[in-house]
Amino acid sequence: MAIQASEKGPTSSFGERLASFWRSASVPIMAILLAALIGAIILLLSGANPIDAYAALFKGSFSNARAIGRTLEKATPLILGGLAVAFAFKGGLFNIGGQGQLLIGAIVSAAIGFGLGGLPFIIHMPLALIGGAIAGALYASIAGALKAYTGAHEVITTIMLNFVAINITDFLANGPWKDEGIVARTPAILETAAIPKLDNIPLGFFIAVAVAIIIWYLLFRTTLGFEIRTVGLNPNAAKYSGILVARLTVLTMAISGFLAGLGGSIETLGVVGRFQPGFNVGLGFDGITIALLARTHPLAVIPAAILIGAMQAGSSQMQFDAKVSFEIIDVIQALILFFVSAEMIVRWILRIRADGDGGVRLSSGWGQG
Amino acid sequence: AQDCASADVLCVGLVTDVGEIDDKSFNQSAWEGVQMAANELGAQVEYIETQDAKDYLTNIALFADNGYDIIVTVGFALGEATLEAAAQYPEIKFIGVDQFQGAAVENVAGLIFPEDKSGFLAGALAGMLTQTGTIAAVLGTDLVPPVVAFKEGYEAGARYVNYDVELISTYHPGGLDVAFTDPEWGASTARQAIDLGADVVFGAGGKTGNGALIEVAGTEGLYCIGVDSDQWETVPEAHPCLVSSAMKLITPGVFDTIQSIVDGTFAGGNVVGAVGLAPFHDFDGSVPQDIKDRLEQIRVLLETDAISTGYNPGG
Amino acid sequence: MTSNVALANNRSWLDFLRKTGVWVGILVVVAAIYGYTTEPQVTTSMLASTLRQSTPLVLGALCGLLGERSGVINIGIEGQMLLSAFVGFLANVYTGNLFIAVAAGVLTGALLGGLLAFMSVTLKMDQIIGGTVINILALGLTGFFYQTGLTTQGKLQPIALGPLADLPLVGPVLFENPPITYLAIILVFIMHYMLFYTRWGLRTRAIGEHPRAADTVGINVNRMRYINVSIAGGIAGLAGAFLTLEAVGSFERAMTNGRGFVALAVMIFGKYMPFGVWGSALLFGFATALQTQLQFSGTIQIPHQFIGMLPYVLTIVVLAGFVGRTRPPAAEGQPYETE
Amino acid sequence: MNNADKQVVLEAHGISKHFPGVIANNNVDLTLHKGEILALLGENGAGKSTLMNVLYGLYHPTEGEIWIKGEKVHLQSPRDAIDHGIGMVHQHFQLVPVMTVAENVILGSEVTTAGGRLNMRQAARQVNELSQKYGLAVDPSAMIEDLPVGIQQRVEIIKALYRQADILILDEPTAVLTPQEANELFHIMRELTAQGVSIIFITHKLKEVLAVADQIAVLRRGEMVGTVLPSEATEASLAEMMVGRNVILQVEKSAAHPGDVILKVEDLAVLDDRKTSVVNGVSLEVRAGEVLGIAGVQGNGQRELVEALTGIRSVASGHFFIQGHDATHYTPRQITMLEVAHIPEDREKHGLVMAYPIEDNTVLNQYYVQPYSHNSIVDRGAIRSHANALVKEFDVRTSSVTALASTLSGGNKQKVIVAREFSKPVKLLIAAQPTRGIDVGSIEFIHKQIIKQRDNGVAVLLVSAELDEIMSLSDRIAVMFEGHIMATLPIAEATREKLGLLMAGSHS
């Protein structure tokens, strides 16, 4: 397994920076435009008016403070899900298990949120937040440890662990941690565990942005980040340079799971208010699209997540105004993923030279070490 | 379209639970009730399909902000969002399908159905129809209360008429995201039940249950029973076996509640909708009269609470 | 590494069979006979259910196997199955001809296989991402274009194989099935023969293990990958057709419900061998049938979620090597660069 | 010998091959006569493999013509080349490890029975016939991955012969062979030419060229420098043709002044990946200021010994001490901290992170200490000035230290590793195959650096498969065979013959 993504040294002049920004941003931007174009064609074929549809999509996501608030709320777990995938990519791991880690994080933070009474906000909320994240980290480190010590490929183990997580959380929500009454869900979290909203803007969004910055700093400015990237790019050389690769693999996966779990915590404490089966479906897979759209850069994850979040936030408005069903969003998202990965097409359209930057190559055999 | 904000235009909006409007199940039945209001009351109607459970409130607000007068929300999962919206928009009336109201709120009608009674009737029918003495139920997930109610009622009803009946029932093993959309599992499971000797199969779990019905239809001489609406209309593939359906009459329930709002007789709190068995359709001739009589007798007893289904979700 | 030779070579495939297959086989036969003598109905129903539940998994896993043997990882089986199920269903609705419908499903799968080949061979995209694209796309397209009110015109019916069908136990279980179920079993044998005893098979295994070696002896690696991945897609398409045209008789959104991913697990569990795949699909099918049976009989009070997660936990256990190592084809996941 | 009398079997005219940014071959002419061995020489990257790949149809030339047996050909793919009787044994073997010899041989030209079933019995028979005819003993049913490289090479040759090749291209066939195996190969080559096969033989080893070639062609930077007869050439003249200047083949060094024992190994045993013991009770000592060379055919436990001494592989039994510390169970980093430098044998796999800029590669062994990081925070400025200094001092040819390591040529990659390892205090240097596959100019530079370290009092453990390298750098030579040290000789007593015998496992 190797990532072909390369690490550019910091460039100096402003012009160079701009050029390098365009080099790395042009492909995602073109990918989005191409996907939107093909989406429009599909809309036309189905008899809908794409201009109305996209206008409604925009209206539902950015037209007023509440729409923006909703977009940011949607973007919050997506940032963390995207970071989880991007971070693992940097360490040479493909974490498809964001969904499962998020579920585990969500239910554990809910349990702390409703189970520990008598704590002040200043302790309770952070405790529930971090508790969920740590649960996600522990859950992900199962896949990390299996990879590090038995060679089991994380793509398969994380997919399997996603299914297992659904079963575990359903069991808990309908069993030991079930709320009173007939509905399968945990009790609501206590007031002291809830993440407040500032007007329309959910505070969780700022937590996510702060985490993205921390992850960027961690990856590019600390020795731990250096080690993680080294393992990601060449685990053999990492071993020779004295890095304990197996341990670092577990740690990378744990941090990745921490991020996904944190996404679940924020959802629980800031949006849903409890754990309820069916409330956190599909978030994990969006992380892959976002991470690739961001070309695995932690800071670029933020705009990528806002874009996808906006599409989700606006989809109801699109249904309402343009009578277009929300599945078109899935189609567009698949196309974005396609074009952003199929760089060759985009580069051919843009007539730009490849610079070996950001291409991801993660697949290899499932079973070897 | 007309302007919903104007006072003389009646606008009714519907927000689905996660899933589609055409789910051949509760979303669809509720929507048909809203459409009735369009036809009979001249209402302007619209729906939004919810994609993400966290969007309930957002989707309700889309209607509210566009001046809708009545908003129907479908499914117990929307209960909290509905109450929250009701507080936010006191001038709008809400109809919450499957949403039990603990304390009455003036502008919310909780349209609830005693599914256990419906299931009880289906179970009684199955218990009397069976030749082999084994009847089955193929169910969605126990994460959803109405499914549990149907099951418990079904089993109690079967025992009530036929104490020795062999009951085999099973829930889908997956989570909420798959339990109602797995017709293949429903079909295989129904087949497994048939191989075990079951000759009446109750399919109660959205498309999973429909899969079971269609599977049963493939073998001659077996009966199947649908759920929620009269599935004779929604699953024509099941006609060869579909003797009846355990209905909760959502469509008339929704329409009647809308009507009561228009009439001004609406008060808030729980509205108990009707339940019952669907017509026998093609089986009308083959179901013996004594069974029909017995069912009618049980229906009356249930209605008057003279017999209990034994389903007690509270405790 | 000698212990891993089992993978690619038929000599040691026999070893593998000898070591595990025989024992498992004997165990199954004994259990089945015992079951049949004590609880004939339960045994028959469970075995029939096992076979049925295993069919889409066998087909999906054969699709994965052929792709990976050729060096292309296919995590888009789920999407290939779903879209094929949809198109097969539509074809049935509009033509009423089941044969045409199955063909349409297979063709759809093959086209999606071609798309995967295009992404991984021509565009040299990461193969896991390519598969993910197919999965999301299939979910979106089927959801977007599905309309209600479409009713199929019949589904594939069981064909009793003459006197064989009258045998006790094996008759109803094995010899009274609808066509795609038979076809799945036949495909296992064909795939085994083709992979290990024919020119095509030798070349297929070579391009999955060492594409450059194949190239240097004049084998067109990329063309073969295109062909094989498309054929594999066709097999996934057959699995899709099984769902709508044989097992259920109608289409629902997202009706594959993770079977494509389980098929991947089945493939790994089956150690990339057709018969191994068949055995492990039967095991997974059995787990499902068993969990249904346990609920039916109502005697065991384990929450069903725990039984529900069994197949996934099992896969992890196998992958971790706790029950013997699997070595995937060496070149899988990497695009082949000619120049 | 008069070439004009011989039939020309292969002729290349004006071959050019351009890659993006690289001209690998420029207007190259090449002529091969029937039954001759044509040696092709050239530095790394001179374009030898590229030219051969063009002749084999793997690459399409940008310009130029190819004539085979008087016929102008257009080779679209290896298939066409095979059809014209060309066979090639690649620098990296093209065998499928999990298939048998027979399967590998027939791959692409399979024999089948009527039903389309592979006829493995006939395949095995044909393999046996070929191996008898040319003295290439191999078992057709053996699995490739179980065979030693020497035998694998025979399989490659059989593969070509099976396809009825009469023009055989051997790309660096001896790089992986013992001297004895190489001699066997030369016999086989002679046998083949005697039966009318013509051979193009690529190597870096000048001695071999002089020993077996009928003609020598030299490529430099993609261009044909010229063709000479072995009788008219010497090692020095060939080296000069290759590099374009005078090359000092022998390292100048003064006598050693051994000091304290820096590395002490006692009865060390190490297992390989298959859990078989490949280092069996090795004991040795290396003193400050001396070079201990470990000679031996590859695969006799040298790699595992080095891996154990650097902490990468765990030790099964025994001990080793570095500067008096028992480092037997130390992690690689703990060992590095004992002022140990390590030049790994596979520079691309183990030595460098190709996708990192050069500057990050220069701190792989010390990014975690001052001044490159403070409290776990990396100092990019310090790293950059460090890298700039090293690039200058070690003459690494690159446009910038922010260029990716993958853009460097092999010799320059190795220089980055050497620079990095020597850029911190060193007491012990463990160098494995430090100059493998790099060109003469870079070899010269790296050899000088190693001797300089020795003269500064560093203890050097040198592992190399090149006998010439061992003999020119070492002060003492230990020969390893099947995991044992056969003998340790002072340099004065070591002769090629003695060492060769010891390497083959015989006590003289």
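Note that the chains are named A, B, C and D in the order they appear, and that numbering of residues resets to 1 at the start of each chain.
Just so we're on the same page, a residue touches a chain if its C-beta (ideal position, glycine included) is under 8 Å from a C-beta of that chain, and two chains touch if they have at least 3 such contacts.
This structure is a prediction, so every number in the text was calculated from the model and none was measured.
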item: Between A-D and A-C, the pair joined by more C-beta contacts; value: A-C
item: Whole-Å separation of chain centres (CA-atom averages), chain A against chain C; value: 30
item: Euclidean distance of C-alpha centroids - chain C vs chain D, Å; value: 44
item: Length of the line joining the C-alpha centres of chain B and chain C, rounded to whole Å; value: 36
item: Multi-chain contact residues (two or more partners), chain C; value: 258, 305, 308, 330
item: Where chain B touches two or more other chains, by residue; value: 20, 174
item: Junction residues of chain D, two or more chains touched; value: none
item: Full enumeration of touching chain pairs; value: A-B, A-C, A-D, B-C, C-D
item: Chain C partner contacts - residues on chain A that touch it in the complex; value: 42, 46, 94, 146, 150-153, 155-157, 159-161, 163-164, 167-168, 170-171, 175, 285, 288-289, 292, 325, 327-335, 337-338, 341-342, 344-345, 359-368
item: Partner chain C, residues of chain B touching it in the complex; value: 20, 22, 24, 28, 136, 168-171, 173-174, 178, 181-189, 191-197, 207, 210-211, 214-215, 218, 236-237
item: Complex contacts: residues of chain D adjacent to chain C; value: 56, 58-60, 77-79, 82, 88, 90, 93-100, 103-104, 106-110, 112, 116-118, 143, 145-146, 159, 163, 273-274
item: Complex contacts: residues of chain C adjacent to chain D; value: 1-2, 4-5, 7-9, 197-199, 201-203, 205-206, 209-210, 212-220, 330, 338-339
item: Chain A-facing residues of chain C, complex; value: 73, 75, 119, 123-130, 132-133, 136-137, 139-141, 143-145, 258, 261, 264-265, 268, 303, 305-306, 308-309, 312-313, 315-316, 319-322, 325-330, 332-334
